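Provided herewith is a single structure, encoded as structure tokens, for subsequent inquiry.
Note that the chains take the letters A, B, C and D in the order they are written out, and that residue 1 is the start of every chain.
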Amino acid sequence: MLEVLREEVYLANMELKNQNLIKYTWGNVSGVCREKKLFVIKPSGVDYEDLSPENMVVCDFDGKVVEGDLNPSSDTLTHAALYKAFDHIGGVVHTHSPWATSWAQAGLDVPVYGTTHADTFYGPVPCARYLNQEEIDRGYEYETGQLIVDTFVKQGIDYEAIPAILLHGHGPFTWGKNAKDAVVHAVVLEEVCKMNYRTQMLKHDASYLPQEILDKHYLRKKGKNAYYGQKKG
Amino acid sequence: MLEVLREEVYLANMELKNQNLIKYTWGNVSGVCREKKLFVIKPSGVDYEDLSPENMVVCDFDGKVVEGDLNPSSDTLTHAALYKAFDHIGGVVHTHSPWATSWAQAGLDVPVYGTTHADTFYGPVPCARYLNQEEIDRGYEYETGQLIVDTFVKQGIDYEAIPAILLHGHGPFTWGKNAKDAVVHAVVLEEVCKMNYRTQMLKHDASYLPQEILDKHYLRKKGKNAYYGQKKG
Amino acid sequence: MLEVLREEVYLANMELKNQNLIKYTWGNVSGVCREKKLFVIKPSGVDYEDLSPENMVVCDFDGKVVEGDLNPSSDTLTHAALYKAFDHIGGVVHTHSPWATSWAQAGLDVPVYGTTHADTFYGPVPCARYLNQEEIDRGYEYETGQLIVDTFVKQGIDYEAIPAILLHGHGPFTWGKNAKDAVVHAVVLEEVCKMNYRTQMLKHDASYLPQEILDKHYLRKKGKNAYYGQKKG
Amino acid sequence: MLEVLREEVYLANMELKNQNLIKYTWGNVSGVCREKKLFVIKPSGVDYEDLSPENMVVCDFDGKVVEGDLNPSSDTLTHAALYKAFDHIGGVVHTHSPWATSWAQAGLDVPVYGTTHADTFYGPVPCARYLNQEEIDRGYEYETGQLIVDTFVKQGIDYEAIPAILLHGHGPFTWGKNAKDAVVHAVVLEEVCKMNYRTQMLKHDASYLPQEILDKHYLRKKGKNAYYGQKKG
């Protein structure tokens, strides 16, 4: 079932490791089949050298395993919540990558200081609050997904224009049009968190990138008149 | 003697090096045989490429060499003191890994800022005070082990729930149910010290992880109802 | 056309990647043929493993493609502006290398704290202001080049003695007598930005390198009586 | 001439590169033959892949080339001055290694915060003042060596117990009983500068390692009753 998607999700998980965003098994990538309302996700706590397209786990949007012998990622219900709420995403990533996690532990939004940020994220990357006891009791992982969605809704942020969030005291989630794209966003977020940290250390009141430069960079790379890269097809 | 344990301890020492926690020969791993009251430890000051299961050294709980031609690690008596006092540990690690050592040099406990910490350590990692002249004269290495034990006893910390300590002006010791497990704790501690440093730089008064999230993460991974990873056997 | 130059520019792009100054496709190197008033530049958004001397793009000084099937770098007009204004340069580099970009995001000139800086750059590396709306509308990339030139002219800086600039909120541009030389300047700038950051953290009011030592180091390596290295040919 | 020493010096230079202390050709190692009052040193500005025992340069204590077709390191006269004044050293190293250079640029002595430092350096590593115009005119490289010697003499520091110095605005010099030993000291200094930087960031008024622990660690590794490592021969 879902052979092509299994392969994509497997490769995206391996790419995350190759990009040095993962210690041990701390991270997971999934990819979705919208037609069947199923997603493929990494199994929980399995060493990267033992991963294969075959041992990826297929789940439905309630996080129930539909195919696979292994337990899916412990964060499966967070992925499920995101697929249910964010109609246009095809892949989700979670990591404990060190720079993004440092910002998440500080509980800070990642401000836009530069064009590296603007080329991918059309505004600050928000940091969601801690979950409370009631939410934890109700279901930690699913409520984490709900909190992500609520944060975007309440702050009026377009999840396609800013495909990333930090969770206070935890780490980043990113998403994209497919699993590979979500991994790219995780890599860019880590790089931006590194550079923005140093920017703040150099100048505590560094100015934010002016809106007109943010517009220019985001739109030349992602807008409908984008002219970065090569024409497709 | 203790062939399987020698192999385990050798591999754990090599893993410590592969995880980039070791410069030159600055570090050592041991593993214990509870039945025989003996432990196997790295020889002192030998290059990692010259290590083998055969040249590991077997010592009793007074640190006396029972088998082996080489001198055991200069920290052997610290390992001995820990095996005597902490009944349920099977392996001990000492390193000068740079992030943990930086915290140790600052003389600071490592606070819980995030779930990466909570997944492994069920509370702050304590930093023990300096040894004094009298303790150094009495026996520096053994007294170091005693101080570690005393710090846990006096502060009422469970050494199984927080299998790590920093020594002021020196570096970290970690332990676990076996040598391999103790190495994992050394790697996690190093990663947490790196992220917590950056968190403090970003926000000097960063808030600690709420107790309910600490509970949730520690228990989903280590508690008796843990659901992280795959069911064993 | 320009086979030797294509090869040089290709190798310079690969060297930039090998020096770890590039994530994904974030960077570009060009090299010029002064006689034909043409320059060779990396195509836009092409993976490094797919680059070859053959797919480099040849442009004229208005940034028009003269030879090549791919779109040239989106920053092509910035390179063109620099070749037009700076008569003695043969190569140009742009990166988002993390240390230099952190300084650029902070909007700070890079001061001369040491001889590593002085061996290559004969004074502080300036940081240019943000472009404004009018300039962006007129043509973002070409105006970026103009701003670089204006910054050197207004501040009376010799572009051969200080072959580098930071753009506020963006990143560094460097240049040199050829593409390879411009890459060396990008690598040195990154190293200097790293060391100067740490110097400022250690001592916020660190003193600048005295002029006489700056003179000595720059001139022993780059002056007409330079005695660093081996006599050429 | 001096075949064995050429080989040693060549290997020490390569080791410095392998330890990641060198960008491009920024660094040099030499080793001395006390009997013949000659030393062997790296040629100036030659790529590391082109180095060989054969192209090392032999100089006398006035820095005059006695054998070799290439120019010796531009810092040759600094090495010469050290060999003349420090009778018991057999090798000298100079680098621009980034952590040590950051401290040198800040003009700060490296304080003793931990046992990693104490295991190798028996006290703070001093930072020498800038050279002045008169000294530069008299001969920059030789005067640099003189300043190193004067700094040790005036501050009453034993150059064998603390085999390293920082030069304000420049970088570190280290030495040892031979070239290999001097390289080890350069590596340890770099590691200590990294950890001490972070210690200061975590706690600006971090306490220095108590004298009794400094004594204990230095003497257990380097004293005449040292018990670290294996008995020699």
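Operating definition for what follows: a residue touches a chain if its C-beta (ideal position, glycine included) is under 8 Å from a C-beta of that chain, and two chains touch if they have at least 3 such contacts.
This is a predicted model, so every value here is computed, not measured.
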{"item": "Chains in simultaneous contact with subunit A and subunit C", "value": "none"}
{"item": "Distance from the mean Cα position of subunit D to that of subunit A, given in whole angstrom", "value": "47"}
{"item": "Centre-of-Cα separation between subunit D and subunit B, whole angstrom", "value": "33"}
{"item": "Set of subunit D residues in contact with two or more other chains", "value": "201"}
{"item": "Touch-based graph of the chains, sorted into line, ring, star, complete or other", "value": "ring"}
{"item": "Of all residues in subunit D, those that touch subunit C in their complex", "value": "23-24, 26, 43-46, 70-71, 74, 96, 98-99, 101-108, 130-133, 136, 140, 169-171, 197, 200-201"}
{"item": "Complex contacts: residues of subunit C adjacent to subunit D", "value": "113-116, 184, 187-188, 191, 194-196, 198-199, 201-203, 206-207, 209-210, 212-213, 216, 220, 227-231"}
